[in-house]
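Chains: A, B, C and D, in written order; residue numbering restarts at 1 for each.
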Amino acid sequence: MAEKDFKTRLDKLMTEKEAVATFLHDGDSFTLGGALASRRCFSVAREMIRQKKRDLTFVDTAAGVETTMMVAGGCISKLRLGYFLMRTAGVKIDDTILRAMRDGVPNPLEVEDFTQYQLAMGFMAASMDIPYMVTKSGLGADYLKYNKTIKMANDPFENKPIIMVPAISPDVGFFCVQRADRRGNAQVFGDIWADDVKSRACKHVVIITEELVSTEVIQKYPANTLIPSYCVDAVVEVPFNCHPMSCYGCYGGYFADYTSFIQFVLAFGTYEGALRWLDEWVYGTEDQFEYCEKVGWRNLMRLVKMERSINRLPE
Amino acid sequence: MAEKDFKTRLDKLMTEKEAVATFLHDGDSFTLGGALASRRCFSVAREMIRQKKRDLTFVDTAAGVETTMMVAGGCISKLRLGYFLMRTAGVKIDDTILRAMRDGVPNPLEVEDFTQYQLAMGFMAASMDIPYMVTKSGLGADYLKYNKTIKMANDPFENKPIIMVPAISPDVGFFCVQRADRRGNAQVFGDIWADDVKSRACKHVVIITEELVSTEVIQKYPANTLIPSYCVDAVVEVPFNCHPMSCYGCYGGYFADYTSFIQFVLAFGTYEGALRWLDEWVYGTEDQFEYCEKVGWRNLMRLVKMERSINRLPE
Amino acid sequence: MNQELKEMKSQYTPEQLAACAGAREVRDGEVVIVGVGLSNLTGAIAKLVHAPNAILVTEAGYIDFKGIATMVSPDDPYGGTLCTCHTSLTQVFSDQQRGFMDVGYVSFVQIDKYGNVNTTALFGSGDYNKPELRLQGSGGGGDISSSANRCVYINVMRDTGQFVNKLDFMTFPGFLDGHDSRQNANLSGGGPSAVITDRGVFRFEEESKEMYLSEVFPWDEDNVEEIKGMVEWNLKVTEDLQVIDPPRPKEMEAIRLLDPGETWTIPNLMERPTSKILLFGGLLEGKRTFEMYDKIGELYESSWRIMLNKRLPI
Amino acid sequence: MNQELKEMKSQYTPEQLAACAGAREVRDGEVVIVGVGLSNLTGAIAKLVHAPNAILVTEAGYIDFKGIATMVSPDDPYGGTLCTCHTSLTQVFSDQQRGFMDVGYVSFVQIDKYGNVNTTALFGSGDYNKPELRLQGSGGGGDISSSANRCVYINVMRDTGQFVNKLDFMTFPGFLDGHDSRQNANLSGGGPSAVITDRGVFRFEEESKEMYLSEVFPWDEDNVEEIKGMVEWNLKVTEDLQVIDPPRPKEMEAIRLLDPGETWTIPNLMERPTSKILLFGGLLEGKRTFEMYDKIGELYESSWRIMLNKRLPI
């Protein structure tokens, strides 16, 4: 189907397996909604690994533990990022990326550094279909030495140095949201990160919703509809899709699930440990539902209780 | 006070008279929030006329009946607009602007035409403190022939024609909102127009709120806080400040108040009629409260009933 | 024109003819950016009658609104009712430049043979700064004509001064100088696809991009010369002239509900029901009573009530 | 160092010293953009103790959040609680480039004498593409150092390899080559105003923009040479060396509430209360029980409860 066709359908519901198979192909560039610990598509990252996607370029303002997982899973050949999570809670967690960069294990890895705002501007340019955006972020620093994307020039109005970031349009973007309807109207509560511009920058958009709702429910809080249906190619409903990270108003992550966090940190200390972890938690679970089974639904409900004790979604 | 000082105060409440006197000076450039029929600062426009402000430049994506009023009141020497309301509901309503342009009555008037998106891009550039934004809106049309602000060039990445709009930063902007707290956190419900970029583009920002609320009320719907307090210089609380136009979720305008609409249209058919109207409805009322008295509080409550029968603010 | 056709034509005002013909340009499920008055009514008719899944958008920031009444402006409160997404002009026009708006409705004052439009000023003997008649300028049209995938112009046809050889000011870029001059100018939208009037529908040739008369109402089949007379240049007419179906019952019922005050289909202000309520209520003698407010409120609220409670489409 | 001072120093971890000293850089009412861990804890201490009207911001899109616990990342759910405005990174960093962020807290790995910082990579014998150690890159710091009005660096001081003559990669622009080179580069922010560590506070000369040691803790008054030894270049020291007040009781109580799991003030993962709960619960043998989840939940929830119900500041 052409870019337009998926977007014009009235019912875009499909399984996560189908969405990843349909919209993510080896060699593609992709981005994920949210970032680090909030609305982060861990279930999609696991699915990519299960489907053994290869030679992907991941472009995002900030990348966290899910990137460590995807790099160890052999999916990623290039990272274009504003942030690589190397240490968290004061603990060094990531040799995975360094191992790939230096030793090519599991595969060679190229990196390109931006500031986060430079990347947001690249997404913004693509979201408006203009060739570039200008910013003053990162002037004088060393990004231009190694970054083949951004340029520097004097602006034509004040003739002062300015950084020009060309449009960045990933082939597909996966966005975790709290609520969405079948047609793809997707609502975000809490922090938005750069999903406002990312959701328009991507050629294809897949919404991963915690809860599938009717359009009437969406209409109660129209200011929270960040992504209208005309941007959306597919809608997937899977529970706890951000675990082990959090989803504002739905369930806590990280500290709330320190158990998963410690298990991950200890495992990813070595490459063998990482592969064992992948075998147990990714290859070892058929899909997100089996994954939740393995974490334990009662444990997951504890994370719901923790989050709803501090943040609740308006009903 | 320097630009920063007002913005750092914790209690920014002041009267409308004080706000207009403090932040709007003869020769200034200014903009208004909302546009045409929604969240439009008619009470501030009336106050400018009462204070006999002169030689103002009004820059906005769209200007409506309030501009006819300000031009007839002799406040405006230049209009930089994306839209001039000349006909409404199929009725020609505006010789006021033409009279000023052609005959210099009540004073000479200069105009500069943009497309609405070009202006939004000018505000966006100022909101990010970058020298310009690029857009493809209006390419090939005649704006560049008369507009001294925008430029055309070939973009450095694709070498195709593009329009460059330099940053546009009005001296002050008045924004009508449904809710705001004393410190200036301002919430908008319903259409936002270009207030997202305008509110950051202006050097000074005055919030005109329908209802002054505590910060706890603001915190219930944080996604609706369009303008955080650090952008805001002053907060004014006046009721029905958009009358005769509407305020989403608060009161209907225009058709709901066809009485005021017809009276305005009939009066502004001639310059003498316009002056009589100004004498009765602007000079003849000390402030917004007297104005409401004159319209009739019971009539105003009818407009509240009409709006709340179709749109209600979440409580 | 025979008696029966004349009879049929007299049932409709020019605005109703244009609105119904215009509504048919929308295909179900399409994203439709509309303006005010006629252009707004047209989108609302389409959604009510044959395109229930159309996504109506206005530049004020309303995406996928219900269309419970004709909006007097892009930010009319009716737009907010049961609307899926409230956002900003900045986001709507960015989405349009990105290519998400399938079709946009805009009105026009002067139009030339390549679909370029003037809604800024009529210079007459004056110039841009001192024109004979100042007009509304771009409004949303400058952006819709630049970036919507299809731009549909809609207006009642005037005898003279409307379909002109040369515009005083080009406010909306159409196909510029014809052929691929629009593409070379780097405009993102697909340009004008139709010009809808009460005297006929005009479209643009694939190659030259020059306007031609494509369809007429039944009672105008023999009036092609008269219509050509209203166009300054030698208007091309397709050999295969189609007939526009007169307004259908459902379309007329939609208009009745959407425009209770008949604001958009009765040009003369004083003859509209809403104005009559006020004038007989004594407004001209300066009377402004609560009853006037109440009556007008009832006139409009009754039609909203039907729309809100009725499962669309009619 | 006499016994009494040694005694006093031993009560605090290096992170607590840096956090308390750093918090004092915030003036009440200021807009403070914070990151994770130490930089987040510092802003939260300031808001709780002496700057109740400070507006805490993170790059994820939380403006004016309450700071009920140290955030493990800019998008930690704690940021959303009782927060005045939920928006996007795009808006927060646009507001920062516009000049609305008074002070921003960022950590650093390598820093040079003009306050330029490297958090991207340590090349060692390799290079950018095959470095000895890959680091987190810009994060929010690249933008905060570029555009916040004042940028405050905060970290525990290392003996070597931290205060270096030459950075492998400049991730955060400080004063570049000193004097007015930052201004000439067209950077919007005011540049670094302080480098906060557990061994002292460094500031920058008005004219040359070169770093100098400005304040030390009481027990380090005689250790200036030792501190100079941790800096590769010949560190300037102000004649008028000030003394940093050790952590005050209110600051320590704030830390206790904000960091119940002592994640940020006890470097070793295995010695933290949260980790101890799991390890004794049998995690290392792969056990994952509901009770573990429950215990950790209680540990954190108790401190939130106090913060949410207590009218701040303590």
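In the analysis below, a contact is a pair of C-beta atoms (placed from the backbone, for glycine too) under 8 Å apart; a residue touches a chain by one contact, two chains touch by 3 or more.
What you see is a predicted model, and the numbers here were worked out from it, not measured in a lab.
Think of each touching pair as a link: the shortest run of links from chain C to chain D has 2 of them. The chain with its C-alpha centre at the largest distance from the centre of chain A is C.
One inter-chain figure worth recording: chain B and chain C are separated by 26 Å, centre to centre, where each centre is the mean of the chain's CA atoms. The geometric centre of chain B is 42 Å away from that of chain D, both derived from CA atoms.
Residues of chain C in contact with at least two other chains: 80, 86-87, 91, 97, 188. Multi-chain contact residues of chain A, defined as those touching 2 or more other chains: 128-130, 135-136, 160, 162, 189, 196, 223.
All chain pairs that touch, listed by label, are A-B, A-C, A-D, B-C, B-D. For chain A in complex with chain C, the residues that touch the partner chain are 8, 10, 127-130, 185, 196, 200, 215, 218-219, 222-223, 225, 228-231. Within the complex, the chain D residues that touch chain B are 29-31, 53, 55, 63-64, 80, 82-87, 91, 94-95, 97-100, 188. The residues of chain B lying in touch with chain C in their complex are 34-39, 61-62, 64, 81-91, 94, 97-98, 101-102, 110-111, 113-118, 120, 124, 135-143, 145-146, 160-162, 189-197, 246, 248-249, 252-259, 262-263, 265-266, 295-296, 298-299, 302-303, 305-307, 309-311.
On chain B, the positions that touch chain A within their shared complex are 128-136, 151, 153, 155-158, 160, 162, 164, 166-167, 189, 220-221, 223-224, 314.
By the touch criterion given at the top, residues 36-37, 58-62, 68, 72-81, 86-91, 93, 97, 116, 120, 126, 128-131, 133-140, 142-143, 146-147, 167, 169-173, 176, 181-182, 185-188, 261, 263-264, 267, 269, 274-275, 277-278, 283, 288, 290, 292-294, 296-297, 300-301, 304, 308 of chain D touch chain A in their complex.
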